[in-house]
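By letter and in written order, the chains are A, B, C and D; residue numbering begins at 1 in each of them.
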């Protein structure tokens, strides 16, 4: 059994893809291979069934069988966070408890799309956590580009203050550098220290680490870069971390395109032998010939620079 | 077995609420009572598991058991449409087929939230209907206030032209009077005649009927008004239809408030003895004391005017 | 010279249209007639150059000449508020000062479109009022349907607490009944009493008055209804007020349609002999034949009911 | 006098900043220096008073005096495009004509914020160009991230087909790579060849050039990079172009952050001696100490890589 998530987590939590066969069926063999790949890349944890994990396109049965397969394969070697956002709070809570029972270190919840004011965000978390109960560690996913719900720092502060069980922020508002600095300053202002893992493919990772991020929670298809950048940074070599990052930046930027980005990410994982098919379930993007040629070029350029 | 939905449908398709117990559990006894109430009010059809039916807050098992209870109770007396919108197209198709197997007259699909351009709407329906197959009659739900996906008349035309299985428009863009006129003109422009049922609680029903609507698909808590207004109008008494409508307009307008409206509608149904509890599942609104007092006043005023 | 705006204002502040000739030129003769009409209808004040006044479609010179004509005609008989929202704060402040110099009772400011979080709203007003100076009374226009900036009650409270010069709320979030009750409760919670005038054509005016609104600031083309409803209500005859309101409700609802509503309003004013042309400047709606026939019907029905 | 804009334009059109003094006053001396700097960097054209030029925060008089200063300094050496987007079409047209009279090569128009459907976009351009007249060359600015108006390729095609005077697309939907390929294919599908200049700081410039872009119209603070990347690419050295681009990519990405990006861009221009102050007019961002330190690091890293 893994430890529960807490405010001091540091490092890389990889956002896992959900592998499908070419025909869209869940691909559990690839799931095993993908978990092994992530473990070998040195990540500190894993997050499954998030937005990039296509969770809402799985049936509840598929969610359970994918989740159990991941837990079986990670076998407690690293903590696993399970995304549980759901339009119905009862469904959210039921799935969260089944995840915790299966061995999750915590669950991730984003403000529900459609919340209009920040007071509604505060109330949403209050009611959701009342129904969920206080024993489940929670990651607050702050991703207004997708949820349509911007949350300012004072509102985040209030939600974190009200609910000690929320221990981590998945920080993916963009731009978000100043926000990160402001949240990191909470302990100097009578507030809590929380774990902050950054996202958006790591597009601003070196700057975010310098501003106090604890690491990254994102699904970039070369997780070894994320791991090594964080390692160098926390070993005191910020410039070396950024040097390595910059080598990968052209691909980070390319994979970070909204919508099509998930198809690119899965295709890179496929080309790297991690998963058997790059299929994204409908509705979702598929790469065409131009997209493939473009990716050929970017991956070849990356390989060339890594060889230098 | 009921007939399948077609382009010539006229009248009132009531949007059914999904009744819950005070504790949020599905209330199947109230479901029976509600179906009876709708049948007695004279509606021509029923739509279940739409946005106002809180479908995404049910588990798949609950959706099945609610759906089967409704089919058992309607017993083929009126056609039933089932809302099947879903973030995953495979889930959408599977549920649609189970609904058709259970006796549905058709299914209702809204453009998925997050579609950005109208070309994406065209492609979304093309792919969804390819996966669904051509034999399922479809209602296009045009509700940009909730989906965030505005669709112009030429795009609607293209989608309807491309897919003969889409036979009905749930027309609920607001404002929408001109749009209705433009769609009704399609047959004069080489296009199809489709069934157009209007929504938004019927807020502009008399004007919409005059512009060519075939009736209403909405969930106003006094369905007998919708039925009688349509009956008078189609019997040639447009002014009498509007006279009756205007008596109810203060309540129509009040129930038509976004968000809180569903709680008001369920409370009116509860007060009328139709359902046992006004509970809306979380996240969702609850009426407070002020809201109740306000509703008391509006219902009392309606009763007084009806008695006159 | 009129008194400056304060927290105790009550009654009807009519939102004035800006009359144009058929060719779009500013129509100052109609402006005089319109001011006279509003004065005769018994309104307590007037607001010019708001969103419904097409202010951003005037040149600065036109704004000045319209404004001066209005001030010349009102001649201090009623207070006039001037809308000054502007993408540039320096432009906003310069125009606000010219309005105050010309005799305005206060200015109206909406949160700038594009503000994403409520903290940004707080900061926007802080910076804007710093540049504007403390001597100009301000109306906060809370109209998220148009600005795209929802503001929750705690944020409104903070902005009003921070800036005593903001004395009035133009309340037009919809739905907004609960919000109104919450704001009205501020004095019981250590906060200020502010003037709250409701909008949205007055669509929920009777309910809003019962919840504590001080009146209406809206541009309904029959201002005499707004005046009489408020008069009856504040004279203790809430039911009589609502009776009168309900007679006009079909037209209120029709005029309240977004976009086309302004063309309808101007056309009613034209038919009533108030302005010479219903022209809305481009880009803007124009009524077509169907729209005119529809309006004929609604106005005839209203006349018939008033004659009864 | 410069030539008018046409469909065959290629190269870099720099988006000019509007320089202000520390106190926010228009800085015409810096304007001269900035124009010289852009000319020396080798750009092929210039665009002024766009969204990044803070046009809506200038008074009409300031717009005129800035515009005239730019024309005096460019002295016909390069074509200048003037942004004329405006909430009022009469204002738009009047300013466009004054720009053409002053020597502009064309004007740039974005779909007005608030347009909801793509049919409305079509109608907006039809009416605007009718009022503007057919002799003014127009750039269509496709920037849904800011305007909130997404426009699909078929709609763009229709607008370009309907209006030969629209000769260029400022392509800045993101992601936008596929869109670019689709538009470039128009001539093979019976459509027009138009000039396509890409934006978003050039974040995907190498990929966009490979997909057929004619160059860039963006305001990156190192215009010499944009110029040299385009030169290399059109000379047949796509890999060399991308090599150079990748050196600047960390700064491109940093400057490309929404909102704060303009302050970063102006600060880089200030540090490079181009403008006297980095002031952005209110409402607008100001860099704080952390932001400056961060920028120090990124600029130092760029210098170091350029020296290698």
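One rule holds for everything that comes next: a residue touches a chain if its C-beta (ideal position, glycine included) is under 8 Å from a C-beta of that chain, and two chains touch if they have at least 3 such contacts.
The structure displayed is predicted, hence computed values, not measured ones.
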**OP:** With contacts defined as at the top, give the pair, A-D or A-C, that has more of them.
**Re:** A-D
**OP:** Find the geometric centre of each of chain A and chain D from their Cα atoms only, then give the gap between the two centres in Å, rounded to an integer.
**Re:** 34
Original post:
Between chain A and chain C, what's the gap in Å when you average each chain's C-alpha atoms?
Top reply: 46
Original post:
Chain contact graph: line, ring, star, complete or other?
Top reply: complete
**OP:** Write out the stretch or stretches of chain B touching chain A in their complex.
**Re:** 24, 54, 56-60, 86-91, 94, 112-113, 124, 127-128, 131, 148, 281-283
Subject >> For the chain D and chain A complex, residues of the former touching the latter >> reply: 174-175, 177-178, 181, 203-204, 207, 210-211, 239, 242, 246, 249-250, 253-254, 257-261, 288, 290-291, 294, 297-298, 301
Original post:
Which of the residues in chain B end up touching chain D in this complex?
Top reply: 116-120, 144, 150-155
